[in-house]
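Remarks on the structure that follows.
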Amino acid sequence: MPSTTEKVPDQHGHFGPYGGRYVPETLMHALRQLTEQYDHARDDPEFQKQFDYYMRHYVGRPSPLYFAERLTKEAGGARIYLKREDLNHTGAHKINNCIGQALLTRRMGKPRVIAETGAGQHGVATATAAALFGLKCQVYMGAEDVRRQKLNVFKMKALGSEVISVESGSRTLRDAINEAMRDWMATVAHTHYIIGSVVGPHPFPAMVRDFQSIIGTETKQQCHDQLGRLPDVVVACVGGGSNSAGMFFPFIADRDVELIGVEAGGRGAQAGDHASTLSYGQPGVLHGSLSYVLQDADGQTANVHSVSAGLDYPGVGPEHSYWKDTRRVRYTNVSDAEALEGFARCSKLEGILPALETAHAIVEGMRVAKQRSHDDIVVICFSGRGDKDCFEVARLLGENIEG
Amino acid sequence: MPSTTEKVPDQHGHFGPYGGRYVPETLMHALRQLTEQYDHARDDPEFQKQFDYYMRHYVGRPSPLYFAERLTKEAGGARIYLKREDLNHTGAHKINNCIGQALLTRRMGKPRVIAETGAGQHGVATATAAALFGLKCQVYMGAEDVRRQKLNVFKMKALGSEVISVESGSRTLRDAINEAMRDWMATVAHTHYIIGSVVGPHPFPAMVRDFQSIIGTETKQQCHDQLGRLPDVVVACVGGGSNSAGMFFPFIADRDVELIGVEAGGRGAQAGDHASTLSYGQPGVLHGSLSYVLQDADGQTANVHSVSAGLDYPGVGPEHSYWKDTRRVRYTNVSDAEALEGFARCSKLEGILPALETAHAIVEGMRVAKQRSHDDIVVICFSGRGDKDCFEVARLLGENIEG
Amino acid sequence: MNPIDALFQRLRSQQRKAFIPFFTAGDPDLETTAKLAHEVARHGASLIEIGFPYSDPIADGAVIQASYTRALNKGLTIDQIFALVRQLVQQGPFKGGEVPLAGMVSYSLVHHRGPDNFLAQAAEAGLSGVIVPDLPIEEAAELARLATARDVKLIQLVTPTTPRDRATRIARMSTGFLYCVSVVGITGERQELPAELLDQLCWLRTQTDLPLCVGFGVSKPEHVRMLKPAVDGVIVGSAIVRRWEQIGTKPIDAIVREIGDHVELLSNALAE
Amino acid sequence: MNPIDALFQRLRSQQRKAFIPFFTAGDPDLETTAKLAHEVARHGASLIEIGFPYSDPIADGAVIQASYTRALNKGLTIDQIFALVRQLVQQGPFKGGEVPLAGMVSYSLVHHRGPDNFLAQAAEAGLSGVIVPDLPIEEAAELARLATARDVKLIQLVTPTTPRDRATRIARMSTGFLYCVSVVGITGERQELPAELLDQLCWLRTQTDLPLCVGFGVSKPEHVRMLKPAVDGVIVGSAIVRRWEQIGTKPIDAIVREIGDHVELLSNALAE
């Protein structure tokens, strides 16, 4: 078993057997350029300074590490702390990555960015970063999602972006990614593609992880300042895997810190009823990299389901596959029903409406806390706020709150 | 002319001729108790510590003072800084006051709070604070507003509060206040009424101002740290007047700092077309205190209009009336159309969707910046985020984004 | 002598109590309000409280606010109320102040018109007193001075939550009578009257010579009987005003008669 | 000798060029795909590229993705495609490899089945080569080794953005022919071919003996004429596949004939 503290990915973007670049030759040149530029940027103190500046003054970081007294009491075990990414500008961790990549775009002298989006969170975050830096921005979004997520479409337009409705395939996130990749192949000379999670071909998984690592780095510092020690357990939800990767990465070498990734258990373990890629999937290639993926018997991408749009993805970042195989991170899942219950509990007990994605992490966090003593510390990555999910939760509760 | 730096209010809650307590005798005892308790709390370092704790760890303060580079460029004059209250938990300055009053409620040993709400922002903030401290909470909301603001109603319920639909009068904010006052008269022994702005009978105007003063205090410190000096102009929008009072108060003694309050100009200067209480109103009594108010010829409260629900109020906090008469603050207004344009500009140029209330302040801030040199500094109180207003803005643009 | 003072002097000498109905000017219309005044006077009213509709009445209950809203929606003005009073005091029991009229009015309206102006017009129209339920004594000194000057009684309120020293001060400032609020809360009908109220009334007797009238929540003969030994008068508002909610389903005259009957029932209980 | 190698040897010796149509297996159905293979062979196809539908084809254009989606929605499986190939190579021009068949398949599908397993089944069915458009040389070593062992050609792609040193390496790894992408971007019809392409082709000639075939965006006789001097073959995909968008409005046989006519038009331009 390889040590998880070794430097991954390697120069070809391999995390053990995972990652890499499974893309058309057309993109290889651009990916190599991007890797080079990113490597330079990462080592450039001036770039770091800019990133830190916008994180602090624009995004509102550091986000608090908040002791959830009432959730702790309810769980009746370990002390629960919430890393409040919901307080970031635009309401989730997504913006960290978008600001990072937009800064990189500016540095590369490219005037245009594109992005894919599912429910619209990454689209809004990208449109936000594009507005901030005066970049032209087009966001690909499945036609189905455009219909369902009118509010986010409106926001992207208000931020000056164009939203392109994708009519192909399942007309959802997967197709938006395919379409964005296609756009990029034709426009790579002047366009950067801001991928929204730790997925896609190298260098995206490593780059997005690095930008998101500000979550874990801050958490570590805050644990040190507020608690005088490391946490015992860190829990985060896993869709593509960016908030979790950003949270976990700085703790990887701290072998005493238990890391738990929570996937969408949906309605059950049957194919098509969940989006638990690491729990139920197998290694495969999707959207440019090798990682766990949910596929049917023929290798076609499987249908997935989750009450939470941000977890409803049949793939996962390659580094997670690596962490799973090396057992550095334990992956589990939480069902739709449990997540909705978690949403309700967190709202009523802490006065914080969690994103449904985040609700998955809360449920697991409380489960773990229950089994541990009050001396222990469980940190939950509170990836985003739940405002965006109120319509869906209300719909599931049989209330109509639209119009 | 009295000096504005003298200690106001006096022991009866008078700001010069304004303020006081115009309430039924039934409430007088409770108001005296509250005043006493608040006076003790304010001077108690333990209470201050608690307030600071929740401001920092729960609300996410300090909120950044952000240099708006692109708005500055667009205005072409003074440098514009935004005090980012939109990054607070629940998305606006309202939570500062709600946490303060909820802490006070806990300190008084009362198990229940009530609140009034118009569009729902203060209701959600109160429900949030109530959830956090395990207080029972009922929110009065006009039946019209309940119908229009289903999302906020859903949030309050999700947070564990009960929303009481008020069918009396104009079935809007005014009536919700009346109804909340009535509830309080009957329940004052075990209930605290969390008023949402610097209005109402003494001690509310002073107390809410004090809790909101964290805005101005932080701003002053940040100006010192980031700029090495005081700003030249500070601009804030004025509905009831809480974000502006909180922003202005710490600058009152700094006579070189120009303070500008921006009211809702609505569709024009005709009665019923605006909510510019200080610009077009006259001293009168409303909701328990003497202040400028918009009334008809008989003294009945006038109808008001603004595109922004949070500014759509016919009264204003008494301290603003005092600041107006003593000329310490200049009050002006911005029309619906200008505010919508400000919303669009800020979104496109800075990637921040402002609340429509805030958009009023942005328009005036840019106007002032334009007339000044690049050496000057204009701080705008960015009171809240615009997510809540997207539906209304879209409706006005003729787009349907609901359902 | 102010008709209110005269009234209570007369009643005391006869060992009788005042029955004081309250209703809103202009609900459902001013003509009916005039009729109603005559009707209740005929059925035992000693003094009538006329409510001035106000758009944002924090001191009143839902029943009275709804009544105010109905009246305002028809465009009622204060000048029209004064005109109504002026017309009433030219006839029947109102002429010469036999049944005095008092206005119940929010300070918002008084302030807007200017306190002295308001009092001058009220006095000129024929009101013998005013109750300003949202003007506590801390803010009332000026209005009290002006009212005294115009011989208009400024009737103050005490409530069960009013501390004793404060109640003494209120009693000292009040003229005409002392309005004793019976329950914590706002106007509206209640099933029972709190026992502490009787204690408070007994104590107030030791503090003031002013007549004590109890209001808020009085609606039934039992209430009246219970209160009778301790008071100089009872005030009945919501129980009357709410009858106008039936408008549209019943003829106006029938409602006027209903109110008259109810007033008779209650005033008889007081006179027993 | 592998039929693809044999084909280009034959064509070169005759100073002719290969015309290579592409279409999707199973769009609109497998029976029609078989018919279409015969039709295009009859009208001048030298080699046929058969697309394996994949759910998330980032390497293909919208026209081909839509075609893939249509086929998958009907439940098409890879085993069925292999069965089709197996059936084709028993008849007519496909028998004995006169018109070789190559598969165009995403590495996602190859990886899922296991690379060696996939190649074994492909070879057994009768495919002479495979194109894996999302498998750049960095990841391709293993598959290339296995393909060589099974005598299946692994045809690699170069694009206008490929740097020269890299193109050399790609050419070195490719077998059968070198697939030269004509434009930056994805498959789909274009109005013009870029001039730099011709330069690149000339340079590639100096680097490799492999046949050079150009694809992506070729749809018109003018394109074919322009390319002819510099290439060993042209590949036409979207221009054929998009005809199936008419299904439902035109009989299947009419569309098959249309495609045949178009292939004849283009292959004639190549043979002129």
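A, B, C and D label the chains in the order they appear, each numbered from 1.
The rule we apply is simple: contacts are C-beta pairs under 8 Å (C-beta built on N, C-alpha and C of every residue); 3 or more make two chains touch, one makes a residue touch a chain.
A quick note: this is a predicted structure, and the numbers were derived from the prediction, not measured.
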| item | value |
| --- | --- |
| Geometric centre distance via CA averages, chain B-chain A, whole Å | 35 |
| Distance between the centres, which are taken as Cα means, of chain D and chain B, whole angstrom | 67 |
| Chain A, residues touching no fewer than two other chains | none |
| Multi-partner residues of chain C (each touching 2 or more other chains) | none |
| Chain contact topology (line, ring, star, complete or other) | line |
| Pairs of chains in contact (touch as defined earlier), listed by label | A-B, A-D, B-C |
| Contacting residues of chain A [partner chain B, same complex] | 56-58, 60, 63-67, 70, 84, 86-89, 91, 127-132, 134, 150-151, 153-155, 158-160, 343-344, 347-353, 387, 390-391, 393-394, 399-403 |
| Of chain A, residues touching chain D in the complex | 12, 20-26, 28-30, 168-169, 174-175, 177-179, 181-182, 185-186, 188-189, 283-288, 290, 295, 298-301 |
| Contacting residues of chain C [partner chain B, same complex] | 54-59, 61-62, 65-66, 69, 72, 77-78, 106-109, 111-113, 133-136, 138-139, 156-159, 161-163, 166, 170, 181, 184-186 |
